[in-house]
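Just passing along the structure, written as structure tokens.
Which chain is which? They are A, B, C, D, E and F, in the order written, and residues in each are numbered from 1.
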């Protein structure tokens, strides 16, 4: 037996939009450096930042059937998060499924496995973070669960949690703390903006952050 | 002793052109998921699809001499397929050899080793799929065979077979079955085009492919 | 105790400019195929070639404090070369530090560890060669040395040596021999330019380089 | 803030003993091929099979402080399961901590990071499954959680779940289903024992498992 | 459709025994450094050398059905050579199949995929060279070919060719040249035995092999 | 031109013996966690600890000629440290060279490349730490330097420095500080011996090291 859980509450869209206007490194810092997925998941395009609630999907190795099932559960703004029940690098997702996903309002896919048709996906503007690129296709034989908690990129993803993804990687922000983390992240971004101006004007971070005394106390010497 | 085999029959140019207008995933599916080279060979540019008969070239580790020999055997439309007799990541091929290859009508190179001058190769529009990028040069000391069957990317390549390569990877189609595979591939592409329209209009693949009854039989439940 | 060595002599700017107008493969060949850093350090942008004197910086694992210290030592044209004292893939360097580095005239960074904010770094035009991309941040707790000889990419880098970096990789040219190596490299580049014209006109490298007799002597046969 | 959760219920000792007399492959099959940790965790000894309830321990990268904290929570028969909050290959655990762990009745350690003193650990008979072996030591600065659910080897481990580990890898069996899975596993083992006798006597699995008709139906031919 | 080719001629048993009394490095040298399988295939035991004719077996990814079919084709002394049609690390082969293989006289297995029950296989004395160790089981659904030429470890294996395997790796010697290669290998082994005595007596290889003049001519200096 | 530097001063034999009776982790800790070689160099035997002065040897890729040259420079107790000038996994060193090395009093080899005949090396009791095991042989064509500073395992090795190697890895201790580091290491070992007794008696490291107050101050809570 396999389950599709319906009626999943999503993180508020305004919060997701807030994260989309920041970046992964800031989100990660803002929740005490937690939630970062493993670096083996890499962007397959350049310069795109997305954020949205996770629509989770387990798949069997070499079998993408449940992605078809998951698409029916999509709500506009969702990010599809797919993880195989055993490691697999096959190309689970290509331009056909992406066409359907875009029609359903899905914003992108995070998959701890392979994708294919990457040139077409880039042309369509549908962003992908994956472990691999592979033309190796999949079958449709085995059931698995949709919208249950899954592990993707070594992180536990509960349906509805916020996924933030950009060229640096992917960060998960739990639904329950997303508002507070966003507020913290915005504060950090504002502070960084201040520093950026000072650095651009030639001020050293040693001075801006008042590091000199502590460096000397620790024993740094200039020769 | 080493041999250069001449008089190799190539797969018909129209067939090669046919594959070039499709893609690797479709070619691979169309011949029962066979012929895909190992994913360690990756495109060094973005958005190019090529297809053509294989001009095969063995090389010694750290020695690119036989590529010079192979260029003389080139016919317009050929794809150079190079594999070392022992694993090696050195930069066997750069912009000088690419200049010569383009002048001889070669369409691209597949190499289970390293290349260099990748920025120039991109600027020249000469496409490359390689295991590595490396500035490490090679010598010209050791003979090997040209236009004999070789193993490249874990696939047996017979001279004249069709190579299809794009951003997803590389697929080999044997000369003897290339016509039939192309026909099958075109049928698949046409069918996919139909589905693409339905998906873009918001129809679910569950309905387009009539999957619901089988999912239920296998035990899928919605909660 | 940790040291910052001041008063480091840099390789002459004109020599650095000379290398910047060539490429890594040529520099590497011109000094008898030495000085190439390990391929695990990869460009995080496309199509940029830089050359300049190394400003070296050791860092503790997961700790980017000494990069802040190193920036004060920068002279216009320097290339920052960073290596952790124990292997680490964290994101040591991002857009804030890059803003400061650019303001100080630094031309780029070579780091045997991770960077973050790669999309912003590309947008800023600040070039990076790194072992990894990671949003994982670092702390500021542990001292290390600045402007001492370090090992980066398996190569010993002495402060002031020339770093040349492009899409193929990174090559180090020692300060003491940089002038002679540049002259040699320019000679090679001129010779290659001659060959490029001949190859583009359809001449074979077998003839241009007079290889036929030696191939036959070694036993090559055409069948 | 960081938490140590006390009063964790362990899976019954008799059930754990049951698994210890079987093996990982059987446990994994017996729960529908779920629960297998990633193959990057490898045994650092040969020929040992252990099973016991998980005592979970998060650690910061490069910091083994919480292992010291976790040892106080040990009950005889526990298996220590350690995972860093960010990937790290340092040597978190060596012969000193193993001495303490053995004194507390811990049966072995599963760690998604590095260990050291492997020769001594083998001599002591304390079994280890780790991602790496490294002499690189760690500090004691940062808190993390003990006896909370953690992800180790890409699997969610809840304190008290059964860990089964042998030369093939590591399998997690959830506490709630451990009894039923054990029964199923014992049934499989008995059935395999029957087959083993038949195979040893020269009977073919094609006959023992009655596969011939199905092979022929699928199209297998002998030439 | 899939084929099992019967009536395959094996390399003479005496020749195989000859190779078994030498080693892989010598066999490889004796046929001009060809035939070595990729290093990703590693021994799962220590100190065993085997040689015998290849019994080849293709398998589908995650599916070990054809190994059952292949066992029926075994002749005493054969070495089973298994390769998946798409890369896969699952545990295709364990102690049950090994029991049957031993009963059929098979000497060992070479598999470009995973195995399981490695502790039991070692205890049984059945030697294995594999790409991976994994408890992940396989299904029995898809046909593939037995006793056809396959690519394993990046080498083309024709049924009946000699496989030589030891702790250093695996070398293939084609059936047609096996006798000559063995003779060559024995000559090398005898010559090495002579040198071994001289080296053990303290003679330097520089003198035994008369290298000094050539070193000086090439420019070696002692300072 | 290539050089063999003679008259290299070795670290005192008594100091080397001192390190051989300790282990790599202790040596590494005793010099402020520096000097550890990259983990890609692994022991090819089990349970051996050696220490001795480095006899350094550069080699060209795929060419072991200079190892023959280096053997003449050996003094009893030396450890041969070999590094290729460009990455290479070939089998540079086997049982013949080991026979000669043992006859010259060399204690073991550290090589950032491949070795072969590992079964024989184990049988001979000649310990090896290498990046790879490979039957792929090498040629004798290209000169390189002997007894000059080289980079091996990402660490700068100056001839005569102490190498300490065991199952955990390899640590370099510079000749100039070897005495002081040994004294420090012995102190640490003695202190650890005290702790080992307390831990074996059931005392917790939390108490032995007085950690409880600091944990509470940092915010650790038990629930």
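Throughout what follows, a contact is a pair of C-beta atoms (placed from the backbone, for glycine too) under 8 Å apart; a residue touches a chain by one contact, two chains touch by 3 or more.
All of these numbers come straight from a predicted model, not from anything done at the bench.
Trainee: Once the contact rule is applied, which chains count as partners of both subunit A and subunit F?
Mentor: B, C, D, E
Trainee: Nearest 5 degrees, what's the C-alpha rotation angle taking subunit E to subunit F?
Mentor: When the C-alpha atoms are superposed, subunit E turns by 120 degrees onto subunit F.
Trainee: Could you quickly compare C-D and A-C and let me know which has more C-beta contacts?
Mentor: A-C
Trainee: I want to confirm something about subunit A and subunit D. Since they are copies of the same sequence, is their interface symmetric in residue numbering (over half shared, so same) or not (under half, so different)?
Mentor: same
Trainee: Just how far, in Å, is the C-alpha centre of subunit D from the one of subunit B?
Mentor: 42
Trainee: Just how far, in Å, is the C-alpha centre of subunit E from the one of subunit B?
Mentor: The answer is 29 Å.
Trainee: Just give me the whole-number Å value for how far the CA centre of subunit A lies from that of subunit B.
Mentor: Measuring from centre to centre gives 32 Å for this pair.
Trainee: Could you tell me which residues belong to subunit D and also touch two or more other chains?
Mentor: As it turns out, subunit D has residues touching two or more other chains at 33, 36, 39, 86-87, 89, 136.
Trainee: Make each chain a node and each touching pair an edge, then name the shape: line, ring, star, complete, other.
Mentor: Drawn as a graph, the chains match no named shape, so other.
Trainee: Which of the chains touch, listed as pairs?
Mentor: A-B, A-C, A-D, A-E, B-C, B-E, B-F, C-D, C-F, D-E, D-F, E-F
Trainee: With touch defined as at the start, can you tell me which subunit C residues reach subunit F in the complex?
Mentor: Its residues touching subunit F are 33-34, 36, 38-39, 85-87, 149, 151, 154-156.
Trainee: Would you pull the subunit B residues touching subunit F in the complex into a rising list?
Mentor: Where subunit B meets subunit F, its residues are 61-62, 86-87, 89-90, 136.
Trainee: In their complex, what parts of subunit F are in touch with subunit D?
Mentor: The contact residues of subunit F facing subunit D are 23-25, 28-29, 33, 36, 39, 42, 46-47, 49, 166-169, 171, 192, 195-196, 199-206, 209, 211, 215, 218-223.
Trainee: Quick one: in the complex, what on subunit A touches subunit B?
Mentor: Of all residues in subunit A, those touching subunit B are 1-6, 65, 68-69, 71-72, 89, 91, 94-97, 99-100, 102-104, 114, 116-120, 122-123, 132-137, 140, 143.
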